[in-house]
Amino acid sequence: MKRIALLLLVAVMIAALVGCAQPAEQPAQSEAPAAPAAETKAPEATQAPAATEAPASEEPESQYKYPGAVGKKATMILKDLTNPVWLEAREGGLAAAEEFGMDLEVVAPIESNNNEEQIALVQQVIAQKKDILIMCPADSTGIVPAIEEVNAANIPVINLNTKINTDSGTVHYETFVVADNTICGTLCAEELVRLAGEEGEAVILEGPSGGQVTIDLSNAAQAVFKKYPNIKLVDIQNAKFDRATAFNTTQNLLQAHPNLKIIFSCNDEMALGAVEALKEAGKLDQVVVGGIDGNQDALKAIKEGTMEVTVYKNFWLQAYTAVEAAAKFLDGQKLDEKILVELEAVTPANVDKYLKN
Amino acid sequence: MKQKKLNFQNREKLGLVIGIVVLFIIMSILAEGFFSWYNIHNLLRDSSILLVVATGMTLVILLGKIDMSAGSVMSLTAIVTTILLANGAHVVVALLAGLASGALIGLLNGYLVGIQKLDHFVTTFATMSLAKGLALVICDGDIINTGNNDFKAIGASTSVFLGLHVHIWIVAAIFAVMLFVLTKTKFGYRVYSIGGSEQAAMLAGISTRGTYILSFLISGLTASVGGILLASKANNGNATIGDGFEFSAIATVIIGGTPFDGGRGGLVGTLIGAILISLLKNGLRFLNITPSLQYVIIGLVILVVIITDVIINERRKLEELRRVEQ
Amino acid sequence: MHDDVILEIRNVSKSFSGVQVLSGINMRVRKGEVHVVVGENGAGKSTLMKIISGVYQKDGGELLFEGKPIEVKSIRQMQEMGISIIHQEFNLLPNRTIAQNIFLGREPVKKRGIPVIDIEEMNAKSRELLGFLGLNVDPRTRVSSLGIAQQQMIEVAKALSFKSKVLIMDEPTATLTRNEISKLFEIIRKLKNEGVSIIYISHRLEELKEIADTISVLRDGALVGTLDAKEATTDKIIKMMVGREITNQYHREFCTEVGEEVLRIDNLSSYRFKNVSLKVHRGEIVGISGLVGAGRTELIKAIFGFDRFESGEVVLFGKKYRRLNTSMTTRLKVGLVPEDRKDEGVIVEMPIRENIVHASLSQLFKNGILNKKTETETANKYVKELGIVTNSIDKHVMYLSGGNQQKVVVAKWLCAQCDLILFDEPTRGIDVGAREEIYEIMNALVKQGKAVLMISSDMPELLGLCDRIYVMKDGRITQEFSHSEATQEKLLACSI
Amino acid sequence: MSKVSGFILKQSKIILLVVIVVVASIFANNPIENIFTVIMSQATFMLIYCLGMTLAILTGGLDLSVGSVAAFSSYIGATLIIEGYVVPGIIVALAIGAGIGAINGLLISKVKLSPFIATYGMDWLVRGLVLFILAGKKIFGFSPAFTSISKGAVVEFTSTMKISNPFVIALVIFLVLLFLMRKTTFGRNVYCVGLNASATRITGVNTDRIITIIYTISGLLAAIAGLLYAAVLDCAEPNMGTHYGLMAIAATLVGGTAITGGKGGVGNTIIGVLIMVFLTNALAVLGVSHLWQEAVFGLVIIFAALMEKARQKQIALLQM
């Protein structure tokens, strides 16, 4: 009997090993030709230096830019690796790592945005005695105790995308590479308000309640709407970052607020769900819809004019910049405590720049 | 007779233990930094939270019931505790309040199942939504920072006592007590009896109500403890903290060899199950397997282990039947 | 035997949701006597006992224990007072040890604040009790690894452990075989001599004379009469029970020349029986006798395809089969009336109608589409034919008496036009009246040239009905008798 | 028990539903339109996978894998559909759904796993596969040939008030299942399995096959739901339907199908689904914070359960 049990378990272990052999590259391959390949064009178009060097790194024996960083072991902890935008980030990070000759590992929780798992991942970095940690926290404050541990272990931290809460003053990071959600939210909301002529009823579609992203974006948008006396925030609903749910929620909202003008959505998924609902209700022209992230399908929607605005977060560049910052630091260079990754609202005007064909 | 009996119980566990050992060895070889006290200690710490929730769950499953509300109770407790701390309550008060909230849901479950005789799944499924909902309403969908250092101290990785983290000690204590209660006390015997055959228990003059209520109460409390430990780790409260945790806890118990039909199994198995699952997750992380693939592997392991367990039990039944003839 | 009454029942009555099940029962149980209570099913015996033992609350009347009137509140209270009951169906926990089962709910505790169980003491006491019952098994053995007879003994041990002054046994011999019964009777006598009074419920009239001191007969929830065992004769008792004369319960004309063979099994083996071979022909009733646990039920379930057999083959209506499943056998028009009526015979939460047509859905509705009219007609037909007592065929089976439930099971197979019906203990726990009707059905079946294979622990039944009787022992067939040569003694001789 | 209270018990869920709808209608600016949209699109999609869950629950089990099955099958199907192979894509999707369902069924009937754990493990496995195979990429921009399945309408009164295709599809599925469960020997046997499997088996029914078929249907319906969503949202994405499983259980329970199996049916589930969607709708229309939604769901489920219990008691009394 026990033999059976043993065999089966071993079998699984083997499965695990086979698994772990591939995934390191697998997704990379399935990704490379897809999103990021195109994404790399984006930075080329916008800010030259970073990405134009990416191809350069391809040819052998090129001089590494930051000798001190060469061969150093780094880990980048993201919020999620099941979602295209974060896969872009991974590519950006890996590209930079290759360019600067670093040994980078990109990881994320199984359940996206799970703080506890991120803590475990951070502790893993300590266990593996990495040279540097690039941290994109799912929960600004929840991660603090873990980061304190990292500080204690004298592993430098580069903060990426979402701020690590330093109010307690007990944690510190070398720099904060940010295309931060508050800014995204503000950009998007401002654009929406402009399109709506600074007046009308607005609603916000949130992600799962309690999520950090949701909170940052939603608060940013609310702040913007408050600024304009004629903008009335009539409702906030949770659509679980899910297109189908947003579809239903929007239908319901339209029933409650027939002359809705603005839908601010905390990600493109929900925005597109809202768009479908508006199509059904035939109110596409009445309502302006804004999302966040700049997914290809959202960009396509903007091109078609069904959706008005999104904010292209350029996760590729964020990650790339973060790794470069890490390299700089390991090379003993001084870092400013904040590195801004340029963000811009994507509108029909500039959508072609981001849209891949 | 006695010999044989022990054999069977061992057999059920043996496969798992071997699995754990094999897994551990493989990981130690393959994953750099896995085989270090620091990591093993963290592993134990992670498993302790799963274990404490699974401990209460074991009781309920031994009764032939399920507690779907465990995960939501964790969230609720976390929120209640942290929001009180955030508003400057003393840490003890906050903790007690947190536990109370869990106890309350537990009692509600116990009342509806034990006295109203509602179906356990339906009941706890409902209280799952209820507790989660309350948590969301209380925290207004926000993350709550305690800014309280006493509370933080519970979770801080520096708070180590005799080489082991406080979490581990707390859970170890709870586990030990529950193990004693389950194997040595009247209450424990009742749980097994009712799980084995409610009718037989009732005809023996055992009041099932009390046992149901107490068991669900305990399950609620252990879930609360889990929620508190989780929150203390992050030193903040989040209404999504326990999402899906009930499933992990149930899986742990089942993998540990306590089947849904109740009256059979026990806490030792649950302990093994908790370690296996934590070890698996920790190991997969160290091997840097993409999350998507981790899903697949975890799913496989659950199925494989359960199937093995089922086969073993089938065989055991057969052998017992055969033995009747001798 | 002294005359002081230990338990007196004064016009106790009880009704469930308006239906009067007990009306003004009076009964006096003397110290150290065996007081047998007989009566058809639904006569109220079990209800009365459940009231005495505190399972139910009585509506009217009063109970006097040792002269003092008592208010029955809980099972526990009565147990502590010294009245305990062995229920008809087992109430053991298979996954717990013997000791844990014996002391279920009142485990000895160490003298301390928290109720910590004194396992050593528990085992010691259990060992004592088992010794008293002449059972030499380790009290730490899991009950699931005991035989049925042993389990029954554990039930007895359980009851004894209360130090009861009054011990109620509800059909204790139902699952026991002759020699086990006599062992049980020895114990009963032992207890008697120790001054314990025993209230003993049974359907098996032939047992009574052996142990009874007093016999009370119930009918339709009323006491017909109490008589001294000495002047009681079986016929007299039966008359009192059913209120009508039963001369020969069986009315069997044994078949002279057998028809074609419907069932033959060659060297069938599984983990519970070895190399069993037997034949059944059209027009025959074939019986299988033997001790409980001899593997009879397993054999019959294997033939039916419910359990699988390891080697050998089953020949049904001339076709060989090495593997069978229930859908095959039923398609071949074989039916099984299982031992466990409630869990395997009927679906208690379904209406009578649906239960009756269940086995013949595919025959009645060729295209797979139900038709309520056909269903109703069919069901009504069989309800009438078998005299199933109910006010509506839409009544859930759970509200029927044991006898009527059994008839529903039989109706199910008749409706499916079965050529071979396997009966497993067809009359267990069924009152005399219903029994006779079941026998009638069997007779009718074989008259129509169908065949019956039946298991029974009730030897008179086998002798009265069967053309041929196989005797099984430890999973093997030890003998085959024609009805002419078979006698109780012979059957017994080959089964032990 | 008086006639009135008897009626209330019997119809408790319908009454509850009516109340909710009325409330929603009062606050909605255009009640008819509101009811139309809710029924025509929201309820429709949900109903389809809830029906699958109902069947599973009727056999005394449940299917926690509906969400991931919906995602996986529609996702794989989409990879073909996007290439223009609409029909093959749909067929593949349905086949995958049915296939996984069948595996569930076999694990439960043959291997004798508890449905809970079997489908839970399967959920992880399938979700993992869908995330892994296409590394989380989304598929969008389908040809109208496909999207029209969901977007099109049979009858169109106004742009918002129409008998949508999905509605018709769901209705057909519902009627077929209703007939199957109520009027055929197969359906009868499904109920029997739910009430008492071993008695059913002794009666000669191949219970294993019935269970397998049921879970296959459940998987199939999940696939259909997945495809319809993909069509209406013009996008197939791997994280679809993470909450279908729990929603479906909730709706089925609210509908009054007993989790123990054998009692209730697809008819109940329609009521359950309508209650759930209109509840959400009402809360949104009333402008109640979505944070309350979860809690309210919980209360409604408890309420429904208590009502159901009272009703069963009443039936028992009548039977006595």
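To keep things simple, chains are lettered A, B, C and D as they appear, and every chain counts its residues starting from 1.
By definition in this document, a contact is a pair of C-beta atoms (placed from the backbone, for glycine too) under 8 Å apart; a residue touches a chain by one contact, two chains touch by 3 or more.
Note that the structure is a prediction, hence the values are computed from the model and not measured.
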Farthest-lying chain, centroid of Cα atoms versus that of chain A: C
Two chains sharing the most C-beta contacts: A-B
For chain C paired with chain D, centre-to-centre distance based on mean C-alpha positions, whole Å: 45
For chain B paired with chain D, centre-to-centre distance based on mean C-alpha positions, whole Å: 30
Centre-of-Cα separation between chain C and chain A, whole angstrom: 71
Of all residues in chain B, the ones touching two or more other chains: 136, 141, 290-298, 300, 307
Where chain A touches two or more other chains, by residue: 23, 26-27, 81-82, 206, 209, 238
Which pairs of chains touch, using the document's own definition: A-B, A-D, B-C, B-D, C-D
Chain B-facing residues of chain A, complex: 1-2, 4-6, 8-13, 15-17, 19-20, 22-24, 26-27, 80-82, 105, 107-111, 115-116, 119-121, 123-124, 126-129, 139-145, 148-149, 152, 165, 168, 206, 208-212, 214-215, 238
Chain D residues touching chain C - in the complex, by the definition given at the top: 182-189, 191-192, 195-196, 198-206, 262-263, 317, 319-320
Sites on chain D touched by chain A in the complex: 24, 27-30, 33-34, 37-38, 41-42, 45, 131-132, 134-138, 140-141, 151, 159-160, 229, 232-235, 237-243, 277, 280-281, 284-287, 289-291, 293
List of chain C residues in touch with chain D within their complex: 16-19, 304, 306, 325-327, 329-331, 336, 338, 343-350, 354, 358-359, 361-362, 365, 368-370, 395-396, 399, 412, 416
Complex contact set, residues of chain B against chain D: 66, 112, 116-119, 121-123, 125-134, 136-137, 140-141, 247, 250-251, 254, 259-260, 290-300, 302-303, 306-307, 310, 314
